[in-house]
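Two complexes follow with subunit A in common, the first pairing it with subunit B and the second with subunit C.
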Partner chain A sequence: MITKKDVEYVAALARLEFSEDEKEELTKTLGDILEYAKKLSDVDTSSVQPTAHILPVNNVFREDRVEPSLGRDRVLENAPDKSKGCFRVPRVI
Partner chain B sequence: MIHYLTAHRLAEMMGKGEISAREVVGLHLERIEELDQHLGAYITVEKDRALASAREADEKRRRGEKLSPLSGIPMALKDNICTEGIPTTCASKILDNFIPPYSADVYERLQRAGCVLIGKANLDEFAMGSSTENSAFKITRNPWDEKRVPGGSSGGSAAAVAAGMAVFALGSDTGGSIRQPSAMCGVVGMKPTYGRVSRYGLVAFASSLDQIGPITRDVRDCALVLNHICGHDRRDSTSVDVEVPDFEKGLEQGIKGMRIGIPSEYFGEGIDRGVKERVEEAIKVLENLGAVCDEVSLPHTEYALPAYYIISSAEASSNLARYDGIRYGRRAEGYSDLVDMFVRTRSDGFGREVKRRIMLGTYALSSGYYDAYYKKAQQVRTLIKEDFDRVFEGCDIIVGPTTPTVAFRAGEKTDDPLQMYLSDVYTIPVNIAGLPALSVPCGFSEGLPVGLQFIGKPFAESTLLRAAYAYEQSTGFHKMHPQAKEASRDEI
Partner chain C sequence: MKYETVIGLEIHAELATETKIFCGCTTRFGGEENTHCCPVCLGMPGVLPVLNRKVVEYAVKAGLATNCKINRFSKLDRKNYFYPDLPKAYQISQYDLPLCKEGYLEIKGDFGSKRIGITRIHIEEDAGKLLHDAEDGSTLVDYNRGGVPLIEIVSEPDMRSAEEARLYAEKIKSILEYTGVSDCRMQEGSLRFDVNLSVRPEGSSGLGTRTEIKNLNSFRALVNAIENESARQVKVLESGGEVVQETRKWDDVTGKNTSLRSKEEAHDYRYFPDPDLVPVVLDEEYIDRIKRELPELPDVRSRRYVEEWGLPEYDAGVITASLPLASFFEECVKEYGGDPKAVSNWVMGELMRMLNEKGIEADGIPFPATHLAGLLRLVDDGTISGSAAKRVFTEMFETGEQPKVLVERLGLSQISDEKVLTEVIKRVMDKNPKSVEDYRSGATKAMGFLVGQTMKETRGKANPALVNKILKQLLDE
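And now, the complex of A and B:
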């Protein structure tokens, strides 16, 4: 039900890459898990609303006030590459 | 044996001047030095910082300041809870150099209460797992039998408390990750109602399911810790603004007349005989204490596990998209362009199970499969919640096993993810419905601890604690401890 091609397609979406062995393993284990998940289709849900979130909390508003936040240096402390107060990334354009 | 005392007992002793925080913390640090090389419960031990905060706690006491009952008590935090200035790795290679610039709400609260952070506990990478074998750094052994796993994903937290290497710990529970290891290590573990404890600073796995909670040596300590970690936090939009009662109050009121539902689905296929017998004995104890136990049905139980793996993996695939090697965490080397940098960073930084879940979640959310898997799982979620709502019309709490088996052998399930997932079959429905639940020790099978699970209505933690306390006090399993080093020899 899930092929090596599917695995490659989903890997590209997820920004992951796998060796041939890993692809084979994933084709099998993902297939097993999805087969197991098929069980869900036994349940009649034609008139059931989906639950995304268990709490009856919807929009949570607050006053739009400026409050202190982390300073730039602290934010950049963990960056693998930085330059002149910015995160540095490979050239995009 | 100081290292097996509870927080409330230690608070009493410190209050009378029988022992200092410095001594308590020192003894726990010695214990870690002696045992942890073997047990592997900690990723980071904060010796100097812990001794300094212990001295501070003693100083405050000398000055006669008003202290919380947790002042000077050494604790462990699961290493997916952010601690400013202290590495927080999620047991992942991709975060092995991450030092958070801020602290989780729970850590801030516990610091204000005077707790002493002794170390950061091991876990399955990003809390994805049921045995703590998915840590990128080391495995954690079960203090009752070192050939066995401690459960997971909060296996380090549970093992540390069980072995006397922390008085209490915090874990996180997405599908059972506090209750399952607590059951397998013979300690008390609670997952509070979704929204009760702020998730601010908890590294996200599945945001609609994750909840932080305490792992302790007895039910009173569970109440005490809960008193200090609950409460509204506007930095977490799912934190609920409800009153936080004093959870310690009312513990001793007993359970005469309490209506307890026993779900028949929790005693079916897959449960070990020994576990079933211990739980049935425990139900008799509850009846003898005056509770009225009746069989109930949660008919959609068997669908909880597949629904959970779709929902949690979908949320995980989206949450873990943030690990891109730009703002924090590890970045791979030798990349050719931006996308290649993402791919190499993530492929090299994440472990096998984490990648499997990202793949499963990405697949379930991808175009063409969304309705069949993700939407379907969310609809089944509604039905599972309605099962609980119906049962709670007729009873106050639900009682059953925490896990279908006792702690299994290391390596036994690592190659079969479905078998591994099945160890959470009784804990997962609770997360899907957002309910509070706790596990307490209820005896032994094959020489290993068995856990009894109490499930409650939303925000009814006090009722759960009262029932668990009554049970615990009439049995005394919480006073039994592993023989540490000797244990492995006896059991093998």
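And now, the complex of A and C:
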């Protein structure tokens, strides 16, 4: 079974915040899901290659030819915050 | 105790494609912010990235040129992390099945020759660029570079000094230039180095705790960072401390080496195969075709210069390290038609000196190779002296003009006409009967004075070899 610490770790990686109650609940429900998925480990896969893709298709390429870009106004149209032709975010540097 | 430094390099090189790795946006450098973007490279929901054919070709080419094995089956994976330079919150890269693996290349130095292992070469997308807004302290993001194709070349921890790391990095650069895989414009950041470094007592075989220094973008910064970090780790160990595994930042301008340990979340990238992109499967025919397309690589070219053209190994190594320099040299040799060593002397001497002085790379030589060939011929046929040729060369570097034109303008052409010189010399002898007499009565040193007077008379333009010959004839008569 997983612990509350595991939930907190995964939540931090996903940038999600939970209340103590939610963490308790998730520890149980997420744990149940993982337990259920564990059943897959019962199958002997020693002679099976890991699946890289679910479709039986390989080698889909595009040619190296320039196509028009979007234009800056449209690029920034949905940005929650913008400035000087750029997306603006809280300071990270 | 003596310590040994153990170094591995990760080199990111921007590929020379026209378009980004998964969309048709241009990779051109220096556009207005956020003008080379589309829904795919902005990571909009519901878009479908499609792999640029040329990216695979370039990566395979780089792999073959560095003696790698090519994976017949390869795939793309998502590397998940949150940072605003990454609009999708994941970078598309390759995890367990890179395109190339298990290669190597040779470096040469005072230590002799050494093989450096290459663990793998994989393809991935570059991130956007973060800018600091001085006005309000926020961070601005420009996604023009986001989605530009890169290869990451990961070496084995086989290097033991800053010198070895530099030679290895230079070798990678010249191979990428020769193959046309990357234009390696360092000042535009199209070649960047990450250093993994640890130290251990000399003779021990275990590895010490390593640190990583990211994003060095010049050979000088690479060397300085390695020397500084290696000394820092030794100092930590000698004072009884322990090296902490962390990422560090080297500022080559200030010489500051600082820890980048932040609140530190574990690097847990949760790689998984990108469901938007299907696997890449390469067959023998494809790989053979790329192999056939490989140009002559620097090592082979260097050997050819030594064996066929008689260049010293050192000269051949220096000239072939840079593709533009080697091309310039080769064109000049062909045009000149004389001894390649004479060309190499000019390239290794005057040309390199001027390039260094002006801080110009070899792709910016301000005159064509035919000019240098012409200059060498002017020396050979006696039109100008060796020292005049140096003056012409300097002027040629400044103006890019034809050597013939410059010789004329600077009034440097040599007098090699025997009749003209004989007349001048006779005049000089008439004016200096005492010296002539001295010479004839055995004081042969007097000849030097007469040569000097002749040169003075012609304002230095007389062909000195010819003056000596004629003067001696006349004196010995």
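Throughout what follows, the second predicted complex is superposed on the first by the 91 of 93 C-alpha atoms of A that agree within 3 Å, B and C clash if a C-alpha of one lies under 4 Å from a C-alpha of the other, contacts with A are read in each partner's own complex, and residues count from 1 in each chain.
The rule is short, and it goes like this: a contact is a pair of C-beta atoms (placed from the backbone, for glycine too) under 8 Å apart; a residue touches a chain by one contact, two chains touch by 3 or more.
Given the structure is predicted, the values throughout are model-derived calculations rather than measurements.
Once chain A of one complex is fitted onto chain A of the other, the partner contacts of A:V7 are limited to subunit B, with no touch recorded for subunit C. Of the two partner chains, both subunit B and subunit C are touched by A:V92.
In the superposition on chain A, A:E67 makes contact with subunit C only, not with subunit B.
Once the two complexes are laid over each other on the shared chain, residue contacts for A:N58 go to subunit C alone; subunit B is not touched. In the superposed pair of complexes, A:S83 makes contact with subunit C only, with no contact to subunit B. Legend: residue contacts after superposition of the two complexes on their common chain; A:L30 is shown touching subunit B, with no touch to subunit C. Touched by subunit B in one complex and by subunit C in the other are residues 13, 15, 51-55, 57, 60, 62, 70, 75, 87, 89-92 of subunit A. Considering their complex, residues 12-13, 15, 51-55, 57-72, 75-76, 83-93 of subunit A touch subunit C. In the complex of the two chains, the subunit B residues touching subunit A come out as 97-99, 101-102, 194-195, 208, 234, 237-238, 240, 300, 302-303, 305-307, 309-310, 317, 321, 324-331, 335, 337-339, 341-344, 346-347, 350, 355-356, 358-360, 362-363, 366, 372-373, 375-383, 385, 417-418, 433-434. Contact residues on subunit C toward subunit A in their complex (touch as defined above): 17-19, 23-26, 32-39, 42, 50-54, 56, 73, 75, 80, 82-84, 97, 130-133, 136-143, 265, 268, 270, 273, 275, 277-281.
Of all residues in subunit A, those touching subunit B in their complex are 2, 6-7, 10-11, 13-18, 26, 29-30, 32-34, 36-43, 45, 48-55, 57, 60, 62, 70, 74-75, 77-81, 87, 89-92.
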